[in-house]
Amino acid sequence: MMEIPGLFNYWVVVFLMMAGFYVVISRGNLVKKLVGLALFQTSVFIFYISMGKISDGAAPILVEGVTTYSNPLPHVLILTAIVVGVATTAVGLALVIRIYEAYGTVEEDEINEQDLIDDSAADEPVSSLGGEKDK
Amino acid sequence: MIAIAVIRLRDLFAVIILFGIYSLLTAALFMDLNAVDVAFTEAAVGAGVTTVMMLSSLYLTSRWEATPKHNSLLPLLVVCITGAVLVYASLDAPLHGDPSSPVHQHVAPRYIEKGPAEVGMPNMVTAVLASYRGFDTFGETFVIFTAGLGVLLLLGIQKPHKPQPELNTVANEVVLKVVVKMLIPLILLYALYVQFHGDFGAGGGFQAGVIFSTGFILYHLAFGEIEARRVIPTCWLPRLAALGVLIYGGVGVFALLEDKPFLDYSALADDPVQGQHLGVLLVEFGVGITVFSVILLIFHILAGRSRQS
Amino acid sequence: MNVTEHLPILVVIIPLMTAPLCVLLGQPRLVWFAALVSSWLSFAAAILLVMQVTAEGPISYWLGGWEPPWGIEYRIDILAAYVLLIVSAMASLVLVFARKSVPREIDEHRIAYFYTAFMLAFAGLVGIVATGDAFNVFVFLEISSLATYALISMGKDRRALNASFTYLIMGTIGATFILIGIGSLYMMTGTLNMLDLAARLPEVSDTRTVRAGFAFLTVGIGLKLALFPLHLWLPNAYAYAPSMVTAFLAATATKVAVYLLLRTILVIFGIDFSLGLMPLDNLLLMLGLIGVLSASLVAVYQRDIKRLFAYSSVAQIGYMVLGIGVANTTGITAAILHLFNHALMKGALFIALGAVAYRIGSTRLEDFAGLGRKMPWTMAGIVAGGLSLIGIPPTAGFISKWYLVLSTLEQDLWPVALLVLLGSMLAVIYVWKLVEAAYFGKPDEYRHYQEAPISMLAPLWILVIANFYFGIHTGLTVGLATQATSALTGGGG
Amino acid sequence: MNELQLLTWIPLVPLLATIGIVATGKSPNIREAVSITAGLILFWMVASLASIVSWDNTATLVLAEPLPGLSLAFNLEPLGLLFALVASFLWPVTTLYAIGYMRAHHEINQTRFYAAFSVSIAAVMGIALSANMLTLFIFYEILTLSTYPLVTHAGNDKARRAGRVYLGLLMGTSVGLLLLAMIWTWHLTGTLTFTNGGVFDHTISPVILSVLLILYVFGTGKAALMPFHRWLPAAMVAPTPVSALLHAVAVVKAGVFTILKVSVYIFGVDTIAELAVSDMLVMIAALTIVLASAIALYKDNFKARLAYSTVSQLSYITMGAMLGIAAGAIGSGLHIAMHAFGKITLFFCAGAVLVTAHKSNISELNGIGRRMPWTMGAFAIGAVSMIGAPPFAGFISKWYLLSGAFQTEQWIAIGAIVISTLLNAAYFMPIIYAAFFKEEDPQHSHGEHGEAPLPILLALLVTASATWLIFFFPGVPLALVEQMVNG
């Protein structure tokens, strides 16, 4: 899609972003959420990279005779961002595994149900606090 | 598009594979947007590492996603608002690829014009990455370190149990073993190339680290866990990661001791450009080590985990 | 090397570099000691910074020796120094408290990594405060966040995992929003340096992209800030995290987010844009108010005291946001003041709760029965912290309340003033629930009670005394706050 | 010691006493010796302060400056001095009484009791001497908090509920209304210092002033103006010495004292006179007077009846302050002192009856006057003084109030005073009559008992005679309040 000029790229980004974001907040499955999160982030990466692009500019590696390069800065930022993304995913997955071991499921609803049970188990009314005695 | 499929599908396995393909496509897109390094990383990290991690953790959890009970209207609304804002935003955005857009005006030119001269390496990305915005990369390395640490904290290291049959079937494939034996040196060699060639062509610490670790992961798959851990004991990996970060930080602190600002590589040698070059090399090396050990660590942990649950 | 020149980076680097060292050290006591020392060192650096900044004005530090906007700049103005002080001080105190508390709550073999994660979280927060570069904020935000997720998930209760995951999802969404915001700003200005942005934004400030970027930044920070209604992750995260983590987070994390908000709307965009062009002030005012009242109400009905104070934290954040929303000098001063004072009181409260958890292994209301007798010092600390929370003179809480109400009156928003005070009445209720339980409840005969160890009482009482000291001698806090405000509203740092 | 030193020490003495009490908690005798001596020292100090003070140049002691331009400061001022004199005189007396009472009644947690007691006194001293509204507010809150453990002394559920009402009303009103009023005043005028003739100039619209006045009057929950009076009856679950000193003198007087201070030194008598809303407040006060007296009439519980009588008496003071005229203010100032002596006597008697005869209801008191002549005699004195008949203290203050009401032609106020006087008579006289002239009915008798324990007797005789003496020598208080009004 390199030849398509103008704002099209941004709109693709927006679409992907919406897709990923939607998965994150609507889906109950934790793994799916993480996938969505990754999707979401990737779309942001594209957003950055495409702003760094210059039409018929070359990759930002010094070569004799090439004058216009794409902007290296967004690339740098995104390199960082990608790594951050994968780091987040890693921690997230580790959490999911622990959750699975603790709850036996990775479905948000079921987990929340179990939590509610825990809470209510803990929340029986306070035993009436009797008067205090002298030392 | 694949994104849709990712939303629709309930089979998480397929979802993840699709996601991998999707990342590859993104990488291709990056490539064609002249973001060589980014494409490289996305391919290695997004398509490679992420997928592997997701799969192995999927193996530890359940494969099928339940049909969501709660209705997804509110989320849809939120998403639409977000999307609307974004489109709204994009309306005033400078045209894609337009050289005159402010992005290309203010800061960037300096990198492009002076970068090679000041830092002394043709790959501007590496220059910016490791020198101009070296501190970002420093932070980034710490992010990886943190991630490894987080996984370690969460899952801990299990003792390797005796390999399970289905792994043996793989492990007994003599041919495969041989192939792998031949492959691994190549991979490692390539990794080293990427590592140290980063300042000329595409690549650098991250990519190198990833490739390096994939080499070992391959070995792990082929020869089973025990073998793999004999080569590099898991308990070393965190220390190795720490070491990598320390190398990076050490360079910075060295500059401090020279009473130059933190991470000022020109402190490393008399000729600033030389110093820059040296600094970048060292730093990239540190990054490489950290990335490699963290990824391998995570893989070991996940793999070791899969035995007992 | 000349230390005074490198203070800005030292504050961040010391804890940051300690983290990998902790991994290499491995031995728990050793690790704890290293963490303690480095946190105290960075605390000292922060103190020096405050003095330096008040003496010579904002400091700019060029990382890698590249001048901004090409390189990354560390910029320490009064506000930054002030927040740095808070964060490092809290870290140092909490680590003292941790000596006994952590071995009780974390398994032996994890302690070393636990402290590493803690140092990373700490360093990340400090980094966010110190940096003057928009993208660098994101990076350090992620460092601290990732570490925090791990830390929270270390809680004994399995619900800690779920809480941590929710936080991870919301936090990452927030971070990504911030990333989008930064991106669109960068797209319009071509720079990432905050001051440079501030300089170049006005000419493009009427473009939709910038406005959207502003929106994304605000929402993203709002998520980190647990600004109502984006606060859902906070109560569980605080309730189930290990005590020392809760104490540290409650006292610092949200504060840093508030700082970030101030930075964004006042420094980067400038007060005219954020509070003039955009309808942000009324929005913040409303959200803050709703946050205060609803969260306080919910807090009243909590049975788990940790959760109770977590909700009250949401309410307190509401106060700060409200202060910003009032959008006059006094209001912002109030917000900055409350930043500090709330760190004091919540730090004290959660440390005290940690001590209780350490002794009786629970923070449920009914388990507080009779603690007034059994752990007099701890409970006295809680009561004092509670009074400060309510805003009874002569505590620090009173001072910030005073400024907040004053600011609303200056804008002739006296209904708001009334509601703010209503909030503190709710605080009376939920604090007194605890007091009654502790002083009139009958202790359980079968349980062995004992006063908390000195290593917990010491930090607790340092904070309690600070609460009273800064309620009477406000020269430092009010002084710094007013200076910071004038610097902020005067445009730039 | 010079004035400043005294200003410093007067609040400190009770605090030191607290420390001493806690330290000597193990041995009751020393503990109580400590509190009594502290009381005597305190009174001596206040007295000497009164003797050396010269109103032309009163010293101000600045402790700290929590907010720029707004300091924690003490300074001497006639009304404050009067209040301090009364409180510090009654403290040792009450302590004496308390010793007898607490021991005879085998109360628990006596150390905590005495400690909290002296903290409260310290707070009262702080209130009396405070030079500006902020200082007053701080000590006002401290007083609320330090009396909380006294109210909930028994520690049972009843006490706890009472404690909630107590804290809820006092702290709620003060934080919600009083604080708001203060900050508002600060916002308008930039000062909270008590100054003769008030701090408001004529640029401020009367509407805002009216709102502020309402906030102040109702914000001072301790003044027990209806509808915020519920805490006072509730507080009666406390041991009698507490009800006697704190809820007949210290706390409630702190409330009306605040109102009086505000009306004289923040608004200024003239400003009050100009405000239309003050008439409304007078009306509310009048209503409180009558209603409370009426309720008192139907209370059979001894202390409850006294409590409601206190509520009504307090509103005399509020009313006087709201009249917006010198005589009214004087009357209020005097009434702070006069009512103090009378009411504390009554409470002492109620307590004495409770510990010796174990009777807490009025219907049980028939013929008790024969067994306890001294106690009931003192009670009669107190009662008559309450009613406001000569030759007892109550008469003087009522006289001034009435004259103030006449001068401002506040017929409602006059009516209220007259009616409540009748009601006072109606709910006190039967007690005296029953005590002395009715036959003791056996079903209520709890066995033989004689006069109350000696310390109790001493205490209530002191206060009773004081009530009587002041009628003949009203010099000091009168001089002080007139000083206050004339500035």
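Per-chain residue numbering starts at 1, and chain names A, B, C and D are given in the order in which the chains are listed.
By our rule, a residue touches a chain if its C-beta (ideal position, glycine included) is under 8 Å from a C-beta of that chain, and two chains touch if they have at least 3 such contacts.
Because the structure is predicted, anything quoted here is derived from the model rather than measured.
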Identify the chain pair with more contacting C-beta pairs: A-B or B-C.
-> A-B
Taking all protein C-alpha atoms shown, work out their mean, then name the chain whose own C-alpha mean is nearest to it.
-> C
Sort the other chains by how far their Cα centres are from that of chain A and give me the top one.
-> D
Distance from chain B to chain A - Cα centre to Cα centre, in angstrom = 16
Return the distance between the CA-based centres of chain B and chain C, expressed in whole Å.
-> 31
Go ahead and note the Å separation of the Cα centroids belonging to chain A and chain C.
-> 24
Could you please state the distance in Å, as a whole number, between where the Cα atoms of chain C are centred and where those of chain D are centred?
-> 45
Which chain C residues reach two or more other chains?
-> 135, 139, 142, 146, 149-150, 153, 180, 186-187, 192, 436, 439-440
Multi-chain touching residues of chain D, meaning two or more other chains, are 155
For chain B, which residues are shared contacts with two or more other chains?
-> 86, 90-91, 93-94, 101, 103-104, 107-108, 111, 133, 136, 139-140, 143, 146-147, 150, 154
Chain B touches which residues of chain C in the complex?
-> 1-2, 5-6, 9, 13, 16-17, 19-21, 23-24, 61-66, 69-72, 109-110, 113-114, 116-117, 120, 123, 127, 133, 135-136, 139-140, 142-143, 146-147, 149-150, 153-154, 180, 184, 186-192, 196, 200, 204, 207-209, 211-213, 215-216
In the complex of these two chains, what residues of chain C are touching chain A?
-> 135, 138-139, 142, 146, 149-150, 153, 157-159, 161-162, 164-165, 168-169, 172-173, 175-176, 179-180, 183, 186-187, 192, 303-304, 364-366, 369-370, 373, 436-437, 439-442
Contact set on chain B toward chain C in their complex | 85-86, 88-94, 101-108, 110-111, 131-136, 139-140, 142-143, 145-147, 149-150, 152-154, 156, 238-239, 241-243, 245-246, 249, 252-253, 255-266
Can you check the complex and tell me which residues of chain B touch chain A?
-> 1, 3-4, 6-7, 12, 15-16, 19, 22-23, 26, 29-30, 32-38, 41-42, 45-46, 49-50, 53-54, 57-58, 60-62, 65-66, 68-70, 72, 75-76, 78-80, 82-83, 86-87, 90-91, 93-99, 101, 103-104, 107-108, 111-112, 115-116, 122-125, 127-129, 133, 136-137, 139-140, 143-144, 146-148, 150-151, 154-155, 200-202, 206, 291, 298, 301-302, 305, 309
Mind listing the chain C positions that touch chain D in their complex?
-> 387, 390-394, 399, 401-402, 405-406, 409-410, 414, 417-418, 421-422, 424-425, 428, 432, 436, 439-440, 471-475, 478
